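What follows is a set of structures to go through.
Two complexes are shown next, each including subunit A; its partner changes from subunit B in the first to subunit C in the second.
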Partner chain A sequence: MIDLKSLMQPHRIVMMLVFVGFAVWCAYALRWDWLPKYAPLALYGIWTTLWLLVVTVVLGFLLAVPLGLMQAVGPWYLATPAKVFCTIIRGTPLLLQLWLLYYGLGSLFPQFPWIRSSELWPYLRQAWPYAVLALMLSYAGYEGEVMRGAFKGVAKGQLEAARSFGMPRFTMFRRIWLPQALRNVLPTLGGETILQMKATPLVATITVVDIYAVSSRVRSDTFIIYEPLILLAVFYILVAGLIALGFHWLEVQVLGTGRRTQ
Partner chain B sequence: MTGLLDSLGLAQSAELLSLSPPGWGRNLLRGLSHSLQIAFGAYALGLVIGLFGAYGKLYGGKVTRDLLAIYTTVIRAVPELVLILILYYVGSDIINKISAAMGGGRVEINGVAAGIWVLGIVQGAYATEILRGAIQAVPLGQIEAAKSYGMPAIMTMRRVTIPAMMSFAVPGLANLWLIATKDTALLAVVGFNELTLETRQAASSTRAYFTFFLAAGFLYLMVTLFSGVIFARIEKWARRGQPSLTGAGR
Partner chain C sequence: MDTAKAVANSDEASLNQEAIKVEDLHKSFGQLEVLKGVSLTACKGDVVAIIGGSGSGKSTMLRCINFLETPSSGKITIGGELVEMHADGSPSNRRQIERIRTRLAMVFQQFNLWTHRSLLENVIEVPVHVLKVPKSQAIVRAHELLERVGLGDKADTYPAYLSGGQQQRAAIARALAVDPSVMLFDEPTSALDPELVGEVLTVIRDLAAEGRTMLLVTHEMKFAREVANHVVYLYEGRIEEQGPPAEVFGNPKSDRLKQFLSSVA
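Up next is the complex of A and B:
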């Protein structure tokens, strides 16, 4: 991936030294005494961010497959609602969707006694179900559009060949259509997953304690501004790097050769 | 009209959304205009940064290229919300330092200007990548031809590169504009009175959450759809004189 030779050019060595110098300066000149106190909370926040990301990507993708299919080959009464859903999700800010679900549904539910007496009520009073729902729908909306293109992009001959072998429709979908669509769309999905990661801090605005919320807490408790933000940025860069690496690995596994990811 | 609204049970919503004072319609529209101002400004700033960034990435020296690579990578890997906070604090610190150095007091920062500065830098990273790709897609022969006629660099850029790359850049730039309009909502978190925050204020003081959030969603959607129409025209204009591709592939 990164070969050592390209790093060993004079200007890059100077830049790395400058960077190391900056890191050392950060370590000594800035205040880090708040770290031990907030470390447990930060770990909890990191855990929340990561599970939110994984759960919403998986659920959102499961929803995106039928959405893409409906738009690609569905009859109009399936294609139109799917298209409208994707347009609305992609056309409005996620923050607005999140607040609509949290404040809107959150103020609607208590009006119904049967919801308040149901088993689900203890969960519905918390914020995270709304966060999961909003992030999941958002991912599904964007990926539904991506999957539409992917399903349409699979060569017709492949499907005709499967049909001529007498393959049942679902087997054909499972063995031929979906795998080929996924192959084509894997690099895009990697980028979209990073975008989804970048959307997770929004849940802090509805009181879910993710890593972003922890850094805001540190800032408002101690009036230290830059240190938590720098750490936060570094954390997100690391996660983005891991996602990119993970998808690169998947591409190598699936496609045989990895395309260079930008 | 009122009869129809009454029969649908929407009379209350219509009253809440009306433009005159008991209704909050005017607040929403003011928020929308702030959002659009910020989006326009940030988009323009992003395009300027993007153009310089793209040229720097393609023709700059080694150091310029590496610095720009760091800029685009970091900006695209860190959530906008975090960048907004960092850039907001850095920007207000710098301005206050300058003001203190010139003997002034603390400066109150204009929300629209801060939003433009913050989102513009974010947009610049994406625009750099889009424009770099578009410039690379221009056949080299065209640029070489301009050079061989002795055109100065700026004139080549103005007369050859930019017109020729437009058709490659417009789809990406259209996407970027939509991102700009939606990202303005994030400024609500730092307390700018753009559409989303105005909506939340209206909603929480009237308890009519669905009415207001749906109305704001409608406004955003209208902006998106209208922009789609405009950009379709721009793309058509950018592609003028090129052979049509529709019907050939599918």
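Up next is the complex of A and C:
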């Protein structure tokens, strides 16, 4: 992918030296003695951030497919609610949605005795279900709009060919429509997933301990400000890079040679 | 019935030999009435060429036969089976129409090969996922069909890497893979560069020679005259004239047909 020769350009060498210099300076000039103490908590935070991201992206996307389909070809009584949902989600801050769910629903539920006595209560009194719900709905709202365009963007003749051979509707959706729609928006979805990653720190505001919450804890406990933030930035950049690589791999695998359009 | 048909073996033209029967077909798009009562019968082994100017309704008629367009009214019988329709002309039995469509293979003007699949995958798609033929069997057959249309070495190629003529030949292979009782050709050469038309016509000519039942909407008059055993001339949504090609092309009776033939010659 990246060959050594293209890296060995003078301006790139200078940039790399600057970066190495910065890393060395960070290692020697800054304080890292707090690390061993907080390492277990940081690992827990990393784990929380990652599973929140994966779970909400997967669930949100599963919701986005029907949302997109309803808007693209659904009858008005399905298209309108889907459109309203996507508009509200995309038109309001995620922080607001998160707080409405956590402080709104979260304070509404305890008023009903049957909820308090239900099997679900041990979960509903925690913060993470509200974090999952808010992030999932947010991803679904944005991707629902993306999928609407993706479904509409598939050439009519492709579906007509399937229909003309008597392909049942669900088979057509599974074999022709969805694969072609996905192929059109895979690069967009990669970018949106990175945006979703960058939205996860908001859950720290409702007491979920993700990696961002851990860095805040370190700051308030030790009054060390920059070191945890620098590490936090490195973590997010690494994850963003992994997401980008993952989607690039998917594009090559899925799109392959068929990508060229007519 | 005003659709006297010239059939090679007209003595045996019994009811069950009628592959396609269209009766009094009407189709409107909003205010515009495109088909104003068309009736047509094609028997097994017939090659029916449908000609006419643009906007005469020939493609619409073909597309109504497999219900890609919903007729406004009329009766359509495929292989002796009457298609169940609502009062508004839409098919009322989705399973029936899906089943009937598997017997009618369509070849489109724009080829419409599935761009995300290789030629081989295009050809086995319907046999495997609609007709439930075992995959290994479908693959063997697909290779034979691709070989037959001269694309034996392109099985793993994607449609975008092929010329229009090659794509259309692959589309014909895809249509043959379902072993259709009738093939519907919707202007199969109209989107092709002139030098690519010949290779597609050669394939269609072979199919006609082996006795396939075909409905062919075309602008290639010489070709229609050569392969068809019945020619239908549509003018503004009605059948203006029809008959054996020698009659229709050699001795046209209607002035409109004369004018049409002289304008395309």
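List of remarks:
Please note the rule applied: the second predicted complex is superposed on the first by the 256 of 262 C-alpha atoms of A that agree within 3 Å, B and C clash if a C-alpha of one lies under 4 Å from a C-alpha of the other, contacts with A are read in each partner's own complex, and residues count from 1 in each chain.
FYI, a residue touches a chain if its C-beta (ideal position, glycine included) is under 8 Å from a C-beta of that chain, and two chains touch if they have at least 3 such contacts.
As the structure is a computational prediction, the values presented were derived from the model and not from experiment.
Of the two partner chains, subunit B is the only one that A:Ala233 touches; subunit C does not reach it.
Applying the stated contact rule after C-alpha superposition, one finds that A:Leu202 touches subunit B and leaves subunit C untouched.
By the touch criterion stated above, A:Thr171 is placed in contact with subunit C alone, subunit B being left untouched. By the touch criterion defined above, A:Ile225 reaches subunit B but does not reach subunit C. Once the two complexes are overlaid on the shared chain, A:Leu96 sits against subunit B while remaining clear of subunit C. Set against each other, subunit B and subunit C touch different numbers of residues in subunit A, with B touching more.
With both structures placed on the common chain, the touch criterion links A:Ala161 to subunit C but leaves subunit B unconnected.
Overlap of the subunit B and subunit C interfaces on subunit A: residues 262. Contact residues of subunit A toward subunit B in the complex are 9, 11-12, 15, 87-88, 90-97, 99-100, 103-104, 107-108, 194, 197-202, 205, 212, 225-226, 229, 232-233, 236-237, 240-241, 262.
Residues of subunit C that touch subunit A in their complex: 66, 68, 97-102, 104-106, 108, 110, 112-118, 125-126, 129-130, 158-161, 178. Within the complex, the subunit B residues that touch subunit A are 62-63, 66-67, 74, 76-83, 85-86, 89, 129, 178, 182-186, 188-189, 196, 199-200, 203-204, 207, 209-210, 213-214, 216-217, 220-221, 224-225.
Only residues 155, 157-158, 160-168, 171, 175-176, 179-180, 183, 257-258, 260-262 of subunit A touch subunit C when the two sit together in their complex.
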